[in-house]
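Should a chain be cited, it is by its letter among A, B, C and D, assigned in written order, with residues numbered from 1 in that chain.
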Amino acid sequence: MDLAADFRLKNLGKYQEYYHSKHEHPELLEKAVYGLPELHREELRNAKLVAVPGCMATASILGLAPLVKTGMVDEKNIVIDTKIGSSGAGAGPSLGSHHPEREGGVRPYKIVGHRHTPEIEQELGRLTGGNVKVAFTPHAVGMVRGILATIHAFTRAPVEKKNVWKVYRGEYGNEPFIRMVSDNKGLFGLPNPKNVVGTNLCDIGFETDPHVNRLLVLSAIDNLTKGAAGAAVQCYNIMAGLDERTGLDTIGLHP
Amino acid sequence: MDLAADFRLKNLGKYQEYYHSKHEHPELLEKAVYGLPELHREELRNAKLVAVPGCMATASILGLAPLVKTGMVDEKNIVIDTKIGSSGAGAGPSLGSHHPEREGGVRPYKIVGHRHTPEIEQELGRLTGGNVKVAFTPHAVGMVRGILATIHAFTRAPVEKKNVWKVYRGEYGNEPFIRMVSDNKGLFGLPNPKNVVGTNLCDIGFETDPHVNRLLVLSAIDNLTKGAAGAAVQCYNIMAGLDERTGLDTIGLHP
Amino acid sequence: MDLAADFRLKNLGKYQEYYHSKHEHPELLEKAVYGLPELHREELRNAKLVAVPGCMATASILGLAPLVKTGMVDEKNIVIDTKIGSSGAGAGPSLGSHHPEREGGVRPYKIVGHRHTPEIEQELGRLTGGNVKVAFTPHAVGMVRGILATIHAFTRAPVEKKNVWKVYRGEYGNEPFIRMVSDNKGLFGLPNPKNVVGTNLCDIGFETDPHVNRLLVLSAIDNLTKGAAGAAVQCYNIMAGLDERTGLDTIGLHP
Amino acid sequence: MDLAADFRLKNLGKYQEYYHSKHEHPELLEKAVYGLPELHREELRNAKLVAVPGCMATASILGLAPLVKTGMVDEKNIVIDTKIGSSGAGAGPSLGSHHPEREGGVRPYKIVGHRHTPEIEQELGRLTGGNVKVAFTPHAVGMVRGILATIHAFTRAPVEKKNVWKVYRGEYGNEPFIRMVSDNKGLFGLPNPKNVVGTNLCDIGFETDPHVNRLLVLSAIDNLTKGAAGAAVQCYNIMAGLDERTGLDTIGLHP
């Protein structure tokens, strides 16, 4: 189980392009299983090496997978705009998460070429057999825990909401940690990382925007659970033949 | 000088579509000047009725105007993802800005069909003579003051950074309240609303992303100054023949 | 089980003085048990009416009870300075917890005569048989959950830390929800409400200050668990003959 | 002009006791003027060496000076409980101001023996000719700028509010940067550091508490202006014979 980034990418060239370093064990890249149970549950059962995904990649891939898999959205025109809390930068102090600098602002960073980009493209590409390209940009905000991925995808023709629902239900109907939140009413009718803090849930919601043939998807996780340690536990549970939810039945906190 | 929204749109149909109400004085729509000095300075000198723009519209239009005007970006494929502080919702308490609900989250709201959309399209459309369409989605974040507009625009062919610089300099070289911030280094190398709090500045930065032919633009303002009262003062100064900066030479606060 | 304030005070005169209203059922005051298991566990087993304490009263009383009971501190010279998160003001929006006003400040409120004062004095007075008086002042801070009570108590003569430890251990050694935190090192060596968020714990720490014969006590709880709903569950468990920790074994969140 | 702590204390022994280091220039201690214009304006006019006060000392001393000078409060029983924003810890990152650790908590630190204690006692002692002792404890809160000093002082007999007003007016009636805020109504009726952010003001308010013969004083400053750089400018203006307010007429920001 690797919570770092070394075995997330299958393509050695991409690794070198995005990580700017030589890989110590390229021979293991193919053996590693990308630790997203929603996409790789079967492979995880017999995995020897699991690469836990990047936290922003998890939110992004889970939001998009059903739409890309079914060809519902244009896979060459996807914008992913993420917002991440300060715990995403790690436990060690840094200027970027120094309280006086972090609080009260929204700071875009690594605005092009972020390392979670090739992961997202790799995993979504697997689903289509084709080439997926995403325009990805993260923002550091003043919350502590959580990620919101705002995914601006586009459809070739107008789509009906009920058909989008059907696609998500078909893929995720039995997923223990995916919760569809899309009634778009009140404070809790759309995904907000605040609503999943402390849980291993990924909240996903969407809306159609006929004005520009957009299918807007929102995907929220707690970066420290579903985005890191919780994902590792979920993968381990599968590898060990346990109930996938073991140790992950926390109810979170609100507010 | 109207700080509300009634005279921002020239098109009565758009007003009714987005505001769901009958306009009391449709005859004044054409006479009103859209109060963005960077685009309407000459008209403002003799204006009788000024419609101060929506705060998120200001950040969005200022970031995009030079690119749209010169045809540098595809005006049919523009994604604007904004993040706004709690003071943007007004001085009166509401559930959306109730501290326990607001703090520690990122809440997307009015995710399609937001009322600032037609303003942005109107003003950018004026610059091209054509039809501009934007995919616009705002997010309520836990800061108090400020707006960041993250604008994902796309070019038909790869562009060089120096040419983008040239376009911005050409349009904004003499603007007193626009500051280009685009060295993309350190904490202050890109626009962040925290850096303009208390000022009437609009910080604009950009980056080219050859991976997807994207031209990413970041535009930051303080919603209470350049996004509201400061804009009104700036317009008034022009109308009154005063130095445009009168009363607006505040240096802001950091951190 | 009453989570409001009507049955916390035994003395009808005090109720009228602090709540400025006539009591509807004064005959029940004597029958109500003050729902602090650490002080009233036996009475709770057969209670018919339980008054769940005020959240700031809980933090204050738990911090002081062992010291007052043993006569270690001067019970006529106790200063309690509390800091409380915005969820303490309830789920409904108000100007005091309007995000733009709350965030980024420290606002003292009801600075003298706060209603939790007589509760604290009543419960501590019970322990000495005498009269206890506290100088109590709360502050609204920008966090969401949590209370810190900073208790400045004074001793008639210098005291040794190990003797203070002994007093707390004697009283609280078997308490399931009291955690002594007093090594005064690093970020976690003293009580901070952040460390108990989501739990039913009360963290208590102290330090002696020979400079002014002060015994400084710090007491931290989550106002929504140990300060409200968690306390009610704990009381109910006792009344129902269940393990007192039933439903309260949450581990909380950090950060 | 020294913004560090080396010349704040006149007493070499106190310096060594609180700073645990040998003083490099003890001969200069007597020549240094403590840079609080409200107490040392005349000396500042001819000062060669000015020691800018500690930020929490400034708030504390200004709140107490008139009361101690007139003997209104018991100078042996003063509790000062301060709350300070994260910018008070400096521009460099540290674990204590690491955003995930700082935000959402209240962390008491250096709870006894804090270095601002002897400064406060020295300056207040000068006013009485006697010995003043304070019980001082600071708390790190989640705001960025600002200090609130909550001062729990006690009177030997009940005092009337109007007499307290008279004392403050007598001392501070002509002070350009002291603002009495004490109507105790609404959000702005008492000092809150949020209300002075960006200014060089010290807001002071008080309330009498006959229940325990307490005279509660609240004193709020922005630690980066009146608590540091603004104080230095104010002192410099006096030394240079300029209007004391030169460069300090900022209006601050709210919210």
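Here, contacts are C-beta pairs under 8 Å (C-beta built on N, C-alpha and C of every residue); 3 or more make two chains touch, one makes a residue touch a chain.
Quick caveat, the model's predicted, so the values are computed rather than measured.
Here the C-alpha atoms of subunit A line up with those of subunit D after a rotation of 180°, rounded in steps of 5.
For subunit B, the chain whose average C-alpha position is most distant is C. In terms of C-beta pairs in contact, C-D outnumbers the other of C-D and B-D. Subunit B and subunit C have Cα centroids lying 49 Å from one another.
A straight line joining the Cα centres of subunit C and subunit D is 30 Å long.
Averaged C-alpha coordinates put the centre of subunit B at 41 Å from the centre of subunit D. Counting partners per residue, subunit A has 87, 95, 100, 103-104, 142, 144-145, 197, 255 as the residues that reach two or more other chains. Contact residues on subunit A toward subunit C in their complex (touch as defined above): 87, 104, 144-145, 197-198, 250-251, 253, 255. Residues of subunit B that touch subunit A in their complex: 77, 79, 81, 83, 95-96, 100-101, 103-109, 111-113, 117, 133-135, 137, 139, 141-146, 148, 150, 152, 154, 184, 186-187, 190-195, 197, 207-209, 211-212, 214, 216, 218, 220, 255.
Residues of subunit C that touch subunit B in their complex: 85-87, 91-95, 97-100, 102-104, 142-145.
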